[in-house]
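First subunit A sits with subunit B, and in the next complex the same chain sits with subunit C.
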Partner chain A sequence: MPSSIQLTGLTKTYADFVAVDDVSLAIEPGEFMTLLGPSGSGKTTTLNIIAGFVRQTSGELTVDGASIGATPPHKRDMGMVFQHYALFPHMTVAENIAYPLKQRKVPKARRAELVAAAMETVHLGDFGHRYPRELSGGQQQRVAVARAIVYNPRVLLMDEPLGALDKKLRDWLQLEIKRIHAELGTTFVYVTHDQDEALVLSDRIAVFNKGRIEQVGPAAELYERPRTLFVAKFLGESTVLRGPVDGQGLGACARLLRVPGSIEGRDGALVVRPERLAVRKQGHEAESGWNALPATVTGEIYLGSSRKLELKLPDGSPALAREQAGGLSEARVGDEVTLTWRVADSVLLPDESDAEAVLT
Partner chain B sequence: MRARGLLWAFCTLIGVWLVAPALIVVPLSFTDKPSLKFPPDGYSTRWYANFFGDPAWMSALGTSVQVALLVTVVATVLGTAAALGLTRAKIRGLALAQGSMLAPMIVPGVVLAIGTYAVFLKLQLVGTLAGFVMAHTVLALPFVIIPVTASLRGFDRRLEDAAASLGASRWTAFRSVTLPLVAPGVASGALFAFVTSFDEVVVSLFIQSPYLQTLPVKMYASVTRETDPTIAAAATMIIVLTTTLVLVATFFVARRTRAK
Partner chain C sequence: MKERTAGPALLILPALIALGVFFLYPLLSMLVSAFTDPEPGLGNFAWFFGEQANMQVLGRTFSTAFWVTLVALALSYPYAYAMTIAGPRAKAVLTLLVLVPFWTSLMVRTFAWVILLQDTGVINKALGAIGMGPFSLIRTQTGVVIGMVQLLMPFMVLPLYAVMSGIDRRLLSAATSLGAHPVKAFLQVYVPQSLPGVSAGCLTVFISALGFYVTPALLGSPTDALISQQIFTQVNGLLKWGRGGAMGVVLLGLTLAMIALLAVTLRRTGRKVTG
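Now for the complex of A and B:
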């Protein structure tokens, strides 16, 4: 039976800064929850608080309703996969995986069975007698996972487990982790700064920024309906149009753009995802329910199944459009074009100029 | 080519200069005359027979081995604990603590000896086994703290977190993960502790009594009273013992390092 985890008002302050600031999060039994954010956003500290390596300054942490905020890490019954694997170099692969079983006084014969089963689960061939240093990075990562799941912990924590691997191996191991999650059904809490990884793996994603959670939700919700500019910019690419908002729309590039919904008396940011921007011939008139802006094509990136067009808007700010192969426009670098998008496909958010600072 | 030859000659000279005083006692110990004449006129093993036949020499040797073994245990345990504290504690005055623990390496031996003697007189520790062990432990501690601290600095503390997450208490994690991985440093510290105690003369001269003497003290007494080549036999055996210890240790460390 997988466990639920509840963080309530979790805060960790160090002498001169707040690493985790009033974080509340309910993780469902069996859920794959990803803590996503740039470095220093508090996601790793939050994971370390759940694991028990870092003691929260205030706030409550419960697993299945029982408070564990004061329980030492070795009594929390959680598995953890570390960024650099943290395999014991003086033990063989089999000894590493058997270590948690030994702590639990599992009889020797049963230990061997469980180790074999865990190695089977992570598709780790006949490596039991090797030492960690004799394995490749990807194989070591599998040993780390096997060691963390062999005792069937109630929660599996992962701290950027693929961070040290090359791209191709990472893509493959992402799918492996997804498979293992499906196979075990255990609650996973996964920390990463890689948005693609978060999109591939997660049931839900919690986006961290400056020690706080900006938004929690399934990947599609965060992508389609971000609630803050930070989330919009951290997850996926987008074109952002900034300007004052009134009842009529948002003023940008000497035009009044129509917006979905409204925000009163503040500067707004209109966010449009690249695949929602259509590149039309210069002078194309906006249909009803659409916006149109003139732009200049400044760059073209061919990606096989699609191409990206980099554009410059009249006020000098950049825009990004993505066209699927088969639906390519005739626009070339240097062309003057008109960009159009459906009002309903854009998102209007309060402008926070500091979202920029964090990302650059 | 010429420069290379010169370099070789120079290095050999330095090597001889460093080692010769120690090695010269080896032929001396095999002399057949009751004098420390070099080179000896004839050879015999009578001074070895004398060494092993004389209860005074044997008891000094026994005391030295006993003291050195006890010091090895006490200094290794305390030194390892101290190194742990020095590398991990987050308190003020850490540098001061480290400085005072390493001080016995820098403070002149005779100063330490006088201080120790004064305190031991008051506590009636002069000429006792406990007194020797305590005094030598002070001298041996830095030799444990330094290599163990170096090993701990190279130790990845995430491994302890990993052990904890897998269900090991702090003590179990230390015993099953930390200690095996810093073992080469601890072993080298233990070896130096043994040799430090076994070789110690200055402090031992002050805290000895006619009833409890270590081997170096007995040797010193012997050379000041009579020029009996038994001392050369004793010295030769000390050289062989310490050299063997260091060679064996080096061999094991090298093998371990290669295995990694």
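Now for the complex of A and C:
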């Protein structure tokens, strides 16, 4: 039976630094929850609080409704997979995987069965008698996963488990982790700074910034309906138009752009995803419900199934459009074009100048 | 190709000559005298193993070395561990505390212990002030062990630190997350990985302790003499070069046996930890 986890007002302060700032999050039983954010955003500290390695300064942590905020890590019954594998070098693969069973005084015969089953789950072949150093990075991480699931913990925590691996292996192991999650049905809490990884794996993503959660939701919701500029910029690519907002629209590039919804009396940022931007011939008139802006093509990146166009807007700010192969426009580098997008496909957010600083 | 390898090989010639003249030659002459002085045969060994007193000296030498090693390990293990977790400044201080005595003359340090351990010395006065003692520390095996532990501790701390600083302490977090009590995690995950340092340190300290002369001579009692003192007595006092040689050969043989034994166990644990 998978467990639910509830964080309520979790805060961790060091001498003069707030690492985790009033974080509240409800993780459903069996859910794959990813904590996503740049380094120093508090995601790993939050995971370490759940694991029990870091003691929260204030706030409540419950698993299945029972408070575990003061329980030492070895009594929390959670599995953890570390970025650095953390395999015991003086034990064989089988001994490593049997270690948590030994701590739980599982009889020897049963231990061997469970170890074999866990190795099966992570598709580790006949490696039981080897030492960790004899395995590749990807194989070592499989051992670490097997060791963390062999005792059927109520929660599996993963701290950037693929961070030390190369791209190809990472892509493949992502799918493996997804498969293992589906097979076990255990609640997973996964920490990463890699947005693609978060999109591939998660049921829901909690985006962290400066110790706080900016937004929690399924990947599609975060991508299509970001609630802050930080989320919009951290997850995926986008074109951002900034300017003052009034009842009529947003003023940018000496034009009044129409916006979905409104924010009163503040500077706004209009966010458009690259696949929502259409590149048209210069002078193209905006249809009703659409915006149009002149732009210059400054770069072209051919990606096979699609191509990306880098553009410059009249005020000098950059824009990015993505065209699917089969629907390519005739625009080339240096061309003057008109960019159009449907108002409903853009998102209006309050302008936060500090969203930039974190990302650079 | 041949000339290229001959050049560097010549560089070790001075060291080989020095070893030959100052180490191998005396060693061989000791061996020879053990079997030939005063007459050829095994007489010197028969004398050594025949005398009850000699066996007692040998036993006492080994028990002293054993206790010195044990106490040095008990003190050095937590000390070396503290060095690995200390901040840069504390680490520098801890390292200095190990090395400064190391750079001080062995004779000076032994005399310092003579002063400290006397019946009216600093230690007994301090103990007296809190209503204990006085204990007879000097001219006892305890005094010898105390002095030798302090003198030999760097040889225990340094190999321990070298091995321990290579151990990933994050593995302890991993072990507790897997359900191990922190003490168990330390014993099952950290200690096994530190064993190469333990055996290297113990080997060095034990073997050095077996041949110690100055410290037992100054801090111990003549009735509790160790084998190196007996060799000195035989050679310098009684001019029995053959008997001294035989005792030297026995000590050397036992030491080499110890090294062989530890090398085997070291290789076995070493294969597990580092391959």
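The working rule: the second predicted complex is superposed on the first by the 360 of 360 C-alpha atoms of A that agree within 3 Å, B and C clash if a C-alpha of one lies under 4 Å from a C-alpha of the other, contacts with A are read in each partner's own complex, and residues count from 1 in each chain.
Rule of thumb we're sticking to: a residue touches a chain if its C-beta (ideal position, glycine included) is under 8 Å from a C-beta of that chain, and two chains touch if they have at least 3 such contacts.
What you are looking at is a predicted structure, and each value in this text was computed from that prediction instead of being measured.
Colleague: Using the superposition on subunit A, tell me whether subunit B and subunit C clash or fit.
Modeller: Overlaying the two complexes on subunit A (C-alpha atoms) leaves subunit C and subunit B clashing.
Colleague: State whether A:H123 touches subunit B only (first), subunit C only (second), both chains, or neither.
Modeller: neither
Colleague: If you stack the two complexes on chain A, which partner ends up touching A:F88: first (subunit B), second (subunit C), both, or neither?
Modeller: A:F88 contacts both subunit B and subunit C.
Colleague: Considering only touches as defined above, state whether A:Y99 meets subunit B (first), subunit C (second), both or neither.
Modeller: In the superposed model, A:Y99 contacts both subunit B and subunit C.
Colleague: Can you list the residues of subunit A that touch subunit B in one structure and subunit C in the other?
Modeller: 51-53, 72-80, 82, 84, 86, 88-90, 99-100, 103-104, 133, 147-148, 151, 157
Colleague: Inside the complex, what are the residues of subunit A that reach subunit C?
Modeller: Residue positions touching the partner: 51-53, 72-80, 82, 84, 86, 88-90, 99-100, 103-104, 131, 133-134, 147-148, 151, 157.
Colleague: What part of subunit A is in contact with subunit B in the complex they form?
Modeller: Answer in residue numbers: 51-53, 72-80, 82, 84, 86-90, 99-100, 103-104, 133, 147-148, 151, 157.
Colleague: Mind listing the subunit C positions that touch subunit A in their complex?
Modeller: 168, 170-171, 173-182, 184-185, 188-189, 192-193, 272-275
Colleague: Would you mind writing out the residues of subunit B in touch with subunit A in their complex?
Modeller: Counting only subunit B, the residues touching subunit A are 156, 158-159, 161-170, 172-173, 176-177, 180-181, 260.
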